[in-house]
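Naming follows writing order (A, B, C and D), and every chain is counted from residue 1.
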Amino acid sequence: MAAYMIFVARRFGQLLLVVFLGISATFFISHMTPVDPVAESITAITNFGKSDPEAIDLMRKTLTELYGLQGNLFEQYVTFWSRLIRGDLGPSLSAFPTPVSQIIFRALPWTVGLMISATLISFLLGNTLGALAGYYRKSRILKIVSLGLIGLQPIPYYVLAFILLILFGFVWPVLPITGGYEMNADLTLSFTLVLDILRHSILPAMALVLVGAGSWLTGMRALTSNIVTEDYVTFAELGGVGSTRILRSYVVRNAMVPQLTGLAMSLGAIFNGTVITEIVFGYPGIGTLLINAVHAGDYSLVLGLASLSIIGVAIAVFLIDILSPLLDPRIKAE
Amino acid sequence: MFTIIRDLIRYNIEFAIGLAILLLLIGAVILSFFSPYPASDIYVVAPDIPPDAEFWLGTTSRGQDNFWQLMIALRNTLAFGLGVAFLSRILSLVVGLTAGYAGGRVDRVLMAINDSVMVIPHFPILVLFYFVLKDDMSWLMLVLILSALGWSYDARLIRSIAMSLRTRPFTTQSVYSGMSMRKILVEEHLPYVMPIVFATTMNNMIWSIGMEITLSVLGFTDVDTPTMGQMIYWANSHSALISGIWWWVAAPVVAIIVLFIGLFLLSMSMNEYIDPRSRLNRMGS
Amino acid sequence: MQTEALLHTPPDTTSEPTLVVDRLKAYYTTKAFGIDRDIRAVDDISLTVAKGEIYGVAGESSSGKTSLIKTIVGAIRPPLHVVGGTVRFNFGGQNYDIYDLKPDQLQAIRWRHLSYIMQGSMNVLNPVRRIKHSFYDFAYAHMGLDRATFWNTVRDHLRRLDLDPGVLESYPHQLSGGMRQRTTIALATVCTPEFIVADEPTTALDVIVQRDVLAMLRDIQRDLGSSFLFVTHDMSVHATVSDRVGIVYAGRLVEEADTPTLFRGARHPYTQHLVASLPKIGDTTRRASLSGRPPSLADPPSGCRFHPRCPLAMDICSKEVPPMVNLAPRHRVACFAVSGATS
Amino acid sequence: MRLWRTFLAGAALAVLASTAQAQDISNLPRKETVIIENPEGTVKNPGWFNIWVNGGGGLSTGLQQLTMDTLWYIDPDQGINGPWYNSLAAEKPIYNEDFSEMTVKLRKGMYWSDGVEFTADDVVYTVQTQIDHPGMVWSPLLAVSVDSIKATDPYTVVFKLKKPNSRFHALFTVRWNAIWIMPKHVFEKVEDPLKFDFANPISISAYKLKNYDPQGKWYIWEKREDWQRTPLGLIGEPGPKYAAYVDGGPPATKTIAQLKHELDIIHDNTPEGMFTLVEQSKSLATWFKGFPYAHPDPTLPAVIFNTQKAPFDNADVRWALALLIDIKAVDLASYRGAATLSAIGVPPTGVAMPTYQAPMQEWLKNFELDTGKSKIKPYDPTIPSQIADMLRKQPKFKDQIPTDQAAIDSQFGYGWWKPNPKAAGELLERAGFKKSGNQWLQPDGQPFRIRLTVEGDSRSVFTRAGTLITQQWKQFGIDAKAQPTTNPWQPMQAGDFDAAIAWSVETWGGDADMSFFLDSWHSSFVAKPGEVQPARNWQRWSSPELDKIIEGIRGISFDDPKGVDYGMDYLKLVVKEMPTIPRMSYNVFASMDTTYWTGYPTFPDDPYTDPVPNWGNSRLMMVKLRPTQP
């Protein structure tokens, strides 16, 4: 137990380091921007309406004060951290004075939902097929399916999502290609709503699964073919252990450890994919928000989104890391 | 080296296909220098002509010959991928070899940084860079930024090899004979990790080109340098799909898929060459 | 020391042998990167093991010992495949041709009748699961007992072998090498099988532990009366354990005899070399080492495979394969120099 | 086999899900609902309805079109009862002699949607609250001009101004938007109006909020039961019971949606998207029935020079660059020919066509440019006809192109400058430039280098035009390159640009008064180099002559006919000086589907308003729309 606690503590240290480095980098990069949120805000206000040059000067002064942009970079950095620790990401500049956190948390469930469900599906699908393909090397169906998924795997998320959009939006328009649910949907939980949300998430999820499953499949297939040559598998076979049991308790159980580590390491990439897919399909979530924020020069929102992505991904990685000893008892002994 | 390639072609169908695709692409790159039109000039031919004998891939709504655009875009995209791969390989070699050889505190510090870079989601960071650089986000700048993000995974791989090399007798011998660390790493260890470096190059290119395409299509890159992503970007901004100019979208999309499958096959077969364990596995199938 | 070998139940040579191997050939076939070749790991081997007998297989490493036993127990996985010959077991009067059995029939024989002890390595037991799961997976279905009785039987078996039943709750990596190997042996013998194949069971262990394990194996043999196919390169172990020893060189059986006969009157030059290289107390003369290296199985020498290294080599040795000749009852050898050249 | 079962189950789920029809969940009677694209797309802070604070909520979600109102409207086109109409005001503004005081008579019997009557108190509150809270959107505008405001009776408001201003009423006159009136009885209960989200927005117009998407993709408004008690209701009964403003997605997506009759009004499209609709939709209505279909907004895209930066401070250089532009190619490249050209500094649309464009023709034809070596007449009135001829040759558009000269004039414009590289060279030489090899050198010997800032993503037609213009300059030997940015206003405000494609001319559209944009071109507003330039004189150009014209306009009333004469003087001045190169109308490819609704504004049959639906003025459509199906 003590060994495990040390292990967890070390991983936690790594988590803190990742978060600290990532967010600091994000902070300084974002504050190097030439974009002046005040100017952006003024543009937004005066783009269509009247504008008196004198009035604009006045507006500039007021907004600078209001947005709290005074103080040098280091002071702002300290303020940022002291607020972040309290869970406060400050007010959004393009949606002043609404807190950034409020805007992000409105979109976040969609991103998290899409990411988790797509990751689970592709992880399970890819690993199941990979294990089967690695174990039953002669099955033709498995070979064809694997080949298809492996072929899709290197294609960038954007391109695949785009192709799906063309196929199911234009060529054979059967699935909704934008939004998370129908217009004027009654958002109280109901069967119709769930069905509607499912229907809208088919294409984005499909894009993520098709790209994701292939890489799990290749990894798992290779692992499986290596593991079947291990002594304990041979021994179990000689021991007359049934092949289903060997596959499940010997091959897959042992392959799960590196695959989970792989999952932890690729979460960042999966997150990228989710965000990109959201943008392609106009799916609600932080992807569209991120693009909006960039265009509006809202660096508090951009910073909030980037920080939260880093924290979120890092925590997920941490959780997977500290769970892996449960799968492989050897890890904590290291 | 030559015999290895010959054997690979003869006995590894994946490698053969991958190589064929690569040669095709190199052909395209060479061809692109003979383009009759400057790369970014528009309205040099009649727009919207479907593929025919004169214009093999048709013309775009911007009045460009789709074929030559594709050739030039392939060149730029490949150059981009190679550029990122080259720079990030150097980074991962330096970090990986140093960490693996030095061990101890150096290793821990380097790997902590390495793991941080590995875990941080890249897309928001790239968007952030665009947010900061805006119009200065040139093609070259993107190469630099992606290089700075794309080395960590492979550095870890190289480190693990370097760690095993450290315990080999020849390293000890070199140390006793008074070779400097830099010399040991460059002259003794580097040759051992080169095959891995080549294999990871392909994967790195798949990653960086994918990122470039995504950013381009979203309009976050320099529109003056025609790349595969730029082609889709322009086609999108001219609603090519719904106005029936399908060849403008199809050409880059098909080319991208072929390119990626080619790179993927090469990386896979090279991996097999390097790792005999997976080669052995092929025998059974 | 050699007398110890006789302490166990003597083999029953009168009833039908438990194992009959007839002209067995098994090759590794590889097709990769320009090299299309067969590795003749098992080349025309015949042998029998009587009921209750400990049959030792000896030979240098990579001489094909492991391939031989893999082929015998039917653990054939590409690229290894059987080219010819048969392997027949006799369990309780019933014959089983191992290559004719359907997978489920084969599975039913395993562990109940035919058990296996692997070379003691880190990875013989599933590293991510507790040892009790291995016992359950391997033995439960074969024993046909209810759960409670099954676990009692397992615990009794462990205690009989002087193992604490607490090991059941451990993970393999928590045990020492010796403990792990003893546990593995317990696992292999829990179903009281008639035939046990032991592949270098003591090789990875240090000398003290080795003695314990060997003693344990002997005890088991005495209690169960099982037949053993005991494979090790270590001639001193054979001297201690085996009733009869077969010497394998480059995929072929070159000599076979009862252990005392073999150690006192080996005829094949290779066997003589093996026996001579055993250390003897008080002997300070240098051991004559054999020139050359063991041959590559991919490209073996023609004729007698030993001829390039053989001090007695004759012309014929490089041209023809020497046949196996019975020198005495239960003593066979394949060597022209011994049996006399016939051309 | 188990694998296939999983796949089958997945497929079954997909089929099941796709049979769940859209209508099941949307609950909106389609025949009573008009679905309109909101170009803001996905709204960042969807629950924010406080339009008086820039809080990230949407403006054109229907909020300003259907629930807001203010004193007056000027329609960018003809309007229903003329371009000018009184909305919450009962009559036109009444100024005192020296324009330092404005009195407004308000309508009686207008009610907020919660049943409270609209009175002068609301107007006073709107002005006073904004002055008191500097963070509010119109606060600075009001603070710099209003000295005091009071209600003399419940239906009369008197503004005392800090300095004479003959156009003060423009702040309360809707062109796209204006200062909207706040409901006093709601806001006065709020502690800090800057932090108030105005959820459940109270409406003073004919619609009120029904529902909105918490993710910001759609807003649905419902016709008020008491719609008669609103200014819009006075014009007529709104047809649609529900109006939905939605995120239409990228051009391809919204085009498909309209082809499937799921989107009644598209705000803007790519030219190609519009052509696809024309080709494939049997129920399409567009502003122009034929080419170029689009509505020309009263906004004038031009090549804007930074005249504080050498050599763009020299009119010869600016003219030379204008003479190097082949507008036909630019037109074809950017709008595929679907644009209305304008050679002069006023958008070729609305009242400007008869008031300025047509009368200027004679002067333009005779306009002579002295290059120092030769005198040329650069104007070519045949260019629009040439473009029409070229388009007519394309089978796709053949029948859509008018042959009648009047139609060509209104749809393709009156004319533009003829490319004249020789004259351009002469002008550059007079400016001290030299040609060395294939490269023009500036007087200081440096290569002539131009970076043309264009708006990258959101206005792709501008990027296309910029790319082609720089290509033409490059062919002449100038190191020119288009530089896309997301927000061109940023470098323009900072003065950090050579030239840009954007606009610095915006007019009322329905009114000939130029002061809307021209006032801000006065020399007193031009920032020093390196300082921030306030809107809209992005070219940072001024001249004593122009100041005289602007001061003249300030001195007369907004409906004084002399205003047009000043306008003519301005137009002639900017032709000579060429501070910006006007190109063509800002064409908005708004398209309307007639499957469910008819009565959309079209030219020339019934150009009653701008169909571009994010304009506050577009609310007139509600009154005119009638169901197509019974």
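Basically, a contact is a pair of C-beta atoms (placed from the backbone, for glycine too) under 8 Å apart; a residue touches a chain by one contact, two chains touch by 3 or more.
Since we're looking at a predicted model, the values are computed, not measured.
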Starting at chain C, fewest touch steps before arriving at chain D: 2
Neighbouring chains common to chain A and chain D, by label: B
Chain nearest the global centroid, as defined over all protein CA atoms shown: A
For chain A paired with chain C, centre-to-centre distance based on mean C-alpha positions, whole Å: 54
Rounded Å distance between chain B and chain D, as computed from the means of their C-alpha atoms: 44
Chain centre separation in whole Å, for chain B relative to chain A (CA means): 23
Centre-to-centre distance between chain C and chain B (centres being mean Cα positions), rounded to whole Å: 52
Where chain B touches two or more other chains at once, by residue number: 134, 241-242, 284
Set of chain D residues in contact with two or more other chains: 250, 252, 256, 486
Junction residues of chain A - those touching two or more other chains: 34-35, 170, 294, 297
Chain C residues touching chain A - in the complex, by the definition given at the top: 73, 75, 77, 106-112, 115-116, 118-119, 121, 123-129, 133-134, 137-139, 141-142, 171, 173, 187
Chain C partner contacts - residues on chain A that touch it in the complex: 228-232, 234-242, 245, 249-250, 253-254, 257, 327-330, 333
Contact footprint of chain A on chain D as seen in their complex: 3-4, 13-14, 16-18, 20, 22, 24-28, 35, 41-42, 44-46, 48, 53-57, 134-135, 137-141, 143-145, 170-171, 176-178, 194-195, 197, 211, 213-215, 217-218, 220, 244, 246-247, 249-250, 252-253, 256, 260, 458, 486-487, 489-490, 493-494, 516, 520, 525, 532, 534-536
Of chain B, residues touching chain A in the complex: 112-113, 115-116, 118-125, 127-132, 134, 153, 206, 209-211, 213-214, 217-218, 232, 241-242, 249, 253, 256-257, 260-261, 263-264, 277-278, 281, 284-285
Interfacial residue positions of chain B with respect to chain D in the complex: 40-43, 61-63, 134-135, 219, 223-224, 236-245
